[in-house]
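Before any comments, here is the structure.
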Amino acid sequence: MTAAGAPGAGRLRRWLERERVFKWLPFVPVQGLFALLLLPNFLLLVYLSLLSWRITRGAWWNAAFTGLDSFQRALEDSRFLWALARTFAFAAVAVPLELLLGFGLAMLCRRSFRGRRIYTSVFLLPMMIVPAVVGYDLSMLLIDQGPFNQLLSLFAGRTVTVRWLSEYTPAQLAVIGADVWQWTALTFLVFTAGLAGLPEEPIRAARVMGASRWQIFWHIELPLLKPVIAIAVILRSMEALKMFDYPMLLTQAGPGNATETVAVYLWRVGWEFARVSDAAAMSLILLVAVAMYILVAIRVLRRERRRLTEEGAV
Amino acid sequence: QTPAGTTADARAVAGAKAYMQSKGLTSLKLNMMMPSIFTAGSTVEMANFEKETGIGVNYFEVGILQIQAKAMSEAVAKSGSFDFWIGDPISLPDLAEAGLAKPIDDLVARGKADLDDIVPGFQEQARYKGKTYGLVADGDNFILAIRKDLIDAPGERQKFKAKYGWEPGCPDTYEQWYQLAEFFTRDPKGAGVPEVYGAMGYRARSWGWRWWLQQFYAKGGMPFDDNLKPLIAGKEGLESLRDYIALTKFMPKDILGWATPQAYPFYAGGNAFSIMTYPSIAIAAEHPERSKIVGKNRYCLVPGYVVGGKLVRRSLQGYGNIFYVSSYAKHPEAAYWLAQYLTSKEVSARLVSGPNSVYDPYRRSHLTDARVIKARTKEMVETHLKNAQVMAPMILIQGAVEYNDVLDQNIQEALLGKITAEDALKNTAAAWEKITNQIGRKQQIEGWKAIKPAFPTKNVPD
Amino acid sequence: MRQRGFPLFPLVRHTLLLAWAAVTLFPIYWMVMTSFKQAAEWVTWPPRWFPHEPTLVNYVKVLTPGTSTFELGRQTLKILKPIGDSLIVSGIGSLIAVLLGSALAYSWARFGTGGRSYPYNILSIRMVPPIVIAVPFVVYFVTLRLLDTYTGLILVYLATSLPYVIWMMLAFVEEVPVELERAARVMGASRWKVLRSVVLPLTASGLVVTFLFVFILNWSELLLAMTLTNTEVSTIPIQLNKFQSANEGRDYGPQAAIGTIATLPVVVLGFLIQKHLLRGFSFGLLRK
Amino acid sequence: MAGIRLERLGKVFGATRAVDGIDLTIPDGEFVVLVGPSGCGKTTTLNMIAGLEVPTSGDIWIGDDRVTDWEPGDRSLGMVFQSLALFPHMTVFDNIAFPLRVKRVAPAEIERRVRAVGDTVHVGHLLAKRPATLSGGEAQRVALARTLVVEPSVFLMDEPLSSLDAKLRVEMRTEIKRLHGTLRSTFVYVTHDQAEAMTMADRIVVMHQGRIQQVGRPLEVYGNPANRFVAGFFGVPAMNFVEGELHAESGGARFVAQALGLSLPGQRLGSGPAVLGVRPEHVRLVSAGESWPAAVSLIEPLGDATLVFLDYGGPSSLVAKVDAEEKLAVGDRRSFTFRRDRIVLFDAATGGRLST
Amino acid sequence: MAGIRLERLGKVFGATRAVDGIDLTIPDGEFVVLVGPSGCGKTTTLNMIAGLEVPTSGDIWIGDDRVTDWEPGDRSLGMVFQSLALFPHMTVFDNIAFPLRVKRVAPAEIERRVRAVGDTVHVGHLLAKRPATLSGGEAQRVALARTLVVEPSVFLMDEPLSSLDAKLRVEMRTEIKRLHGTLRSTFVYVTHDQAEAMTMADRIVVMHQGRIQQVGRPLEVYGNPANRFVAGFFGVPAMNFVEGELHAESGGARFVAQALGLSLPGQRLGSGPAVLGVRPEHVRLVSAGESWPAAVSLIEPLGDATLVFLDYGGPSSLVAKVDAEEKLAVGDRRSFTFRRDRIVLFDAATGGRLST
């Protein structure tokens, strides 16, 4: 800089002020964090997956390469494949339920009416509770002599003693229910925000054209909400596929393997069975499976968001 | 070199003091990992030890089923974040192989921990491939408790005898236990929610398999042959599993989710006729405030099966707290001295008889210790140590956790009716083969040979 | 706007909303009630919907420091240290994440730093299930001496919450008119001054919302915390997990007390910023 | 085909009287333009006609039907919004087809009608595009096409051209006017732009604070404002107002203000404080006749004309619009006069028109 | 005090040449208005002068300093934005004080100067308010005050009045002009509004596609456009263009187009395709002299004048701006002529000006 006439000292300060320097300032720590924290970790994961190391077998850096053995074992491990399928199945039940419930509630709370604020506050509550507490809390409700069965008995008119935590399907329902109970709050929030942001005029235009409420919803509002739906699907799927806390706290992944999600199984393989290389290989397979799904969803989100921002110009 | 002292606890204190001196320390906090439900009991004694030696303890509590995972992760981390821990025998083979558990034979020899007093079969659980890795603190072979007050209720004996043809009392066989359970299940309303359940045992994930294994052993079964080929899918396995499943129908609905914290209060609340469980049930059942059935219990020898015309009783060492010292401990010796102190004759008796103890009698001297008898009843202590004569170990070879987990999972699925008993055992056998092959058959055969002598030779206690 | 027809709509709406409100409140209600119950009332049939003899003993138990008498199968939880640790770890982790993440969001929104796909790439970091990184993390953290340290856990939470921060803050940053910043620049304000005096006050509500949300996430995180800590650090979820996993528990009263204590501050905060929450979750997807 | 009748139509939002009981009859086929300052209730009125707002009082008739309670879609009208309100997720074709689909017209018929109307407004070649890719004028045409396709008997337009630039605006206003000529439907058109109002309207409705101030043909409103508000509202630059006194005189009246006095023969106006209004183009620079001296204080050349600010001694200067060719310089002393026939007088207190 | 000099100034955004090497010298104290169609690079030029964009080529001088690399804050200039860019979270006082605080002026001095400048632009009574509660005109004044308070030697204004309504716009433009008169600082002012450009500018700079098309005094640009673009850009309604041929004639030239032909004596223009341009106010309805017959096809009364569309047989109609008093009806047949001295001719191919 030759700006002799420009006042002020502090060369460094000035240098930092330049746009092409300034704009990278937050990137350095963030990318550094990722590069130093996550990248080596990932490389290590890949490295471990190429060994057949278990914790009981010396030090990992001495273990010999065994190529793709761990992957082969993983793909032949039916318990792993079931856990994977089960995790996706739980997500496939829980996420749509959360989306539908969240959307329905957001629609019901859309226009202002008496009590709307209170409802909104209540609906957001579950989100703010630690999942471990939710797991614990539900385990208290769901014991066979618990209040939940009492309520069911009340509605059914006879004594209901469903063993929510120790029977196959009920336990699965319980775990899914925990997820739905807690995270419908988030979808509700996202959809409420989305609905509040819908442009008014196209909807009015459609009304003038004689479109019914249903037609407006189906042909105008829903398509406009696509990016919001996409982000809700992504956020919830991403988190649901990680499910660990609820089975751990509610059912210890049981009964049988009824609620063993892939995260729980990997935990066991790695830490209880000491098969670290197998766990690493399974992790990578899991990562690929999740990535294939989520990346497609992100693509959709991207497309929708791009459309929307372009359209914002009109 | 052996520290001065006539008793093991005195030697431990002396050893610890010498250690502190040699290190130039006056006070020291050891980190100890222990299952959160067992934090009970030992605190007072640890405080005593600290008063005498300056060596105190920081707890690092972990869920009982996560001890293994935490220990494994420490085996990888080698961080020395805890000096010693309390664990069960199942985890030992893996943790020894992983290098976390430290062989302590030299310390045992130096400290002259009086292991001779320990009822045979218990201390063996802390050995792996010929080395000692820990000091046993807990005799956890199963015992059967039944409700004598219900049997003795007016007219019950006669009715029972008329129906089943034998005088009700401690069952000798699993069949008799079934009959008792059937008879004493009390469901006056017929609503499917009995007031008294006929039987209790553990059927929860990660626990239930132990109860089957005991039954399987009584049938004369062995999990492996000498080449480590699984034997469980045979006749013994199938029949015992069917009996195991059949008995479950007399148990509370939620039993598939219950372990000790749920089971004990339920039984102590007078809601069940019988329970097969850990000996510490006596603490709960005879608790003057929390129990509704104080003095109403009989403690029975474990039932068995008639095999080849002879009755075979088998009791399983189903958990058993052991003090292990970490290889990465900052003060392994100090940790050892504390362990020796806590497991010594005198101190262990105090621990076993403590008001909330989870440590069960495991020394011969406990049999005659007045404090222990007072806390547990004489009948219970005697029966318990008799049971120890027919006590078999769990499958204690490398990969034990995984072998057992697979077994457990299949048993539970059979219990839930998801698969047949036959398939459950076949699946288990197949999975075991895979595990064996992956770890290395030769090595496993070696481990199996080392544990075989721990199996009992008597069929019934003397 | 008016809607003709369906005169019963308000009734139906209230019925449905009340139903879900009941579903939402029921477990929370039960937890709070249990936290005031004495042991005898924890499990009864029929269950007690409110304590017949309300007591504070559960709170006293969990909040009293030091060892207390242990009971068989009825361990008493301690919560002060985990609360402290959780506050430190989630607090600092979330704070740094919010600072860095919003700076990043700002830089991306203003200068397009990192390219058009950057936020999407970042989002995919969140996609990685924690279990996948848990095992190598232990190995890696040992070498870095970060295992069982505050720093280690903070770094991990920082990395995993950044994607959310960036996405949420984008919406807020994009709402600040560039011209405001330009005006300040022309008046001689340095870029820092612009950030401090213009951007920061205008995105303050966004920062608060974002902080709260990632704070909740970090406050709740179990798996990584469980893997990466031992004796020194213990967050609330770990503490709860130690004592609540399916085979333990039944110490309902103290556990309910802890649950209530762990929930209360977040809920209060959540109420306070409720109206900003809505803006935070539009993710910049819809603007009026 | 349908006229519109508003009867004591009112709308209250909380404490705001957005529309304050207006009566208006719009004959079938008329092009009516609503003008007025921001917030005067134009949009609200239009929305009530469309059925998008429910009146708090009064009635709306379209044709022979009292439609006050009808759903918007049943009123058979077309509406164009300021934001155009095209559906961003649909192609131009789907946008135009939407009202037909809503009415469940057969697909073949839809195809035919969309193409036909597309050709009418010259968007036939854009049918496959999305709104985001259209230019301002094209988007405007699509919005029109979408409204036209159902051949409504009433068109409502709320500042449809305000987002276009000056050039396009002029072009589109001619086009809309031509459309009106062809369709002869009833148009209600809201605008801020005076040139639009003047050139498009059959009649102009001037609103202020929720009330109608004047209804009349464009030149009538311009030349013959009903009150001071209307006079001041129309015209850029605004009409000059001079405050003064009226004195009755024999055979007429006399208006006297600071440095200014003029006789208004033949007008009976009473006495009292009054305001004289004269548009800049009716201020003439003269050298003879009844005139007042002034100094030129500012000259603003507009190209086609020039604005001259005259300091004549009154409290503020007078603006005159003179021919662009006029040779002037700041500081020049010139005499000026008013075109007497274009002067208007208002009551100083009420703002009501005095001269008849 | 400082003039501005731009030397081959250019700015490229990706593939867009927003500003394409412009040279411009603005003397100290001049009021320069930049006009041009949307996207022509006005804002970019202004931002480069301000230092908010870094030029990709060329240099900027303010006074005697080459400021190309300087930080915006060091250039001692004031800028007013279209959106005004008042800080919504600060009071009016804090808004005006902001630039002083940045410069670490003592609090007492800040207080004094803010009050002083507040009084100058009549916002003294608003100092405690927040921007959101201000009316359009007030906000505009605050934005001015904030710029004035540091007494910059250069003012940059980017369409500062475009968000105001027509009336206020006229008022504020006078005020800004008055300010310029008092301060005699250099002003660079961007606008879309022709009336603003014409009335405020000392010189107008017309830009198109990143290039300067013409620099000149307002009437020069209006009356003597350098090329067809400038001619078409200025004036509402736009100049009429007639395409035809030029033929050299003895003693001058002759322009021939469909249904139209006129001699241009004394002009040497060569031969070939050409475009004749004439503004609507220079089309006269006459009854004598060289004239062409036409039919009145549309009449648009503007109030102060009337637009007449004449079908004379050419490809499109001609627009004439005639006196509002003129009596006309659609269908009337009238003759028209052009004011010869106002006709401009352009090369049909390049659009360059032909007549000199």
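For clarity, chains are labelled A, B, C, D and E in written order, and residue numbers in each chain start from 1.
Quick note on the criterion: a residue touches a chain if its C-beta (ideal position, glycine included) is under 8 Å from a C-beta of that chain, and two chains touch if they have at least 3 such contacts.
All values derive from a computational prediction rather than experimental measurement.
Enquirer: Hopping along touching chains only, can you work out the least number of steps from chain B to chain C?
Expert: 1
Enquirer: Spelling it out: a chain qualifies if it touches chain A and also touches chain E; which chains qualify?
Expert: Both-contact set = C, D.
Enquirer: With centres defined by CA atoms only, which chain is the most remote from chain E?
Expert: Here the answer is chain B, farthest from chain E.
Enquirer: What chain pair has the highest count of contacting C-beta pairs?
Expert: Looking across every pairing, the one with the most contacts is A-C.
Enquirer: I'd like the Å distance between the centres of chain A and chain B, where a centre is the mean of that chain's Cα atoms.
Expert: Here chain A and chain B have centroids separated by 40 Å.
Enquirer: Based only on mean CA positions, could you tell me how far chain B sits from chain D in angstrom?
Expert: 94
Enquirer: Please report how many Å separate the Cα centroid of chain A from that of chain D, as a whole number.
Expert: For chain A versus chain D, the centre distance works out to 55 Å.
Enquirer: At least two other chains touched by the same residue of chain B: list those residues.
Expert: Chain B, residues with two or more chain partners: 65, 70, 73, 76, 204-206, 257.
Enquirer: Which residues of chain C are in contact with two or more other chains?
Expert: 1, 139, 190, 241, 245-247, 249
Enquirer: Which chain D residues reach two or more other chains?
Expert: Residues 52, 71.
Enquirer: Can you tell me which positions in chain A touch chain C when the two form their complex?
Expert: Residue list for chain A touching chain C: 13, 16-17, 19, 22-27, 29-30, 33-34, 37-38, 40-42, 44-45, 48, 60, 101, 104-105, 108-109, 111, 113, 115, 119-141, 143, 145-147, 150-151, 165, 181, 185, 189-190, 192-194, 196-199, 204, 207, 213, 224, 227-228, 231, 234, 238, 241-242, 244-245, 248-252, 254, 262-263, 266-267, 270-271, 276, 279-280, 283-284, 286-287, 290-291, 294-295, 298, 301-302, 305, 308, 312.
Enquirer: Which of the residues in chain D end up touching chain E in this complex?
Expert: 37-38, 165-167, 170, 174, 192, 194-195, 198-199, 218-219, 222-223, 234-238, 279-281, 298, 300-305, 307, 321, 324
Enquirer: Would you tell me which residues of chain D are touching chain A in their complex?
Expert: These residues of chain D touch chain A: 50-52, 71-75, 77-79, 81-90, 98-99, 101-103, 130-132, 134, 139, 146, 150, 156.
Enquirer: Would you tell me which residues of chain C are touching chain B in their complex?
Expert: Touching chain B: residues 67, 69-75, 138-139, 141-142, 147-148, 226-227, 230-232, 241-243, 245-251 of chain C.
Enquirer: Which residues of chain B touch chain C in their complex?
Expert: Touching chain C from chain B are residues 31, 33, 36-37, 39-41, 43, 58, 60-66, 70, 73-74, 76-79, 81-82, 204-207, 257, 259-262, 264-265, 280, 283-284, 356-358.
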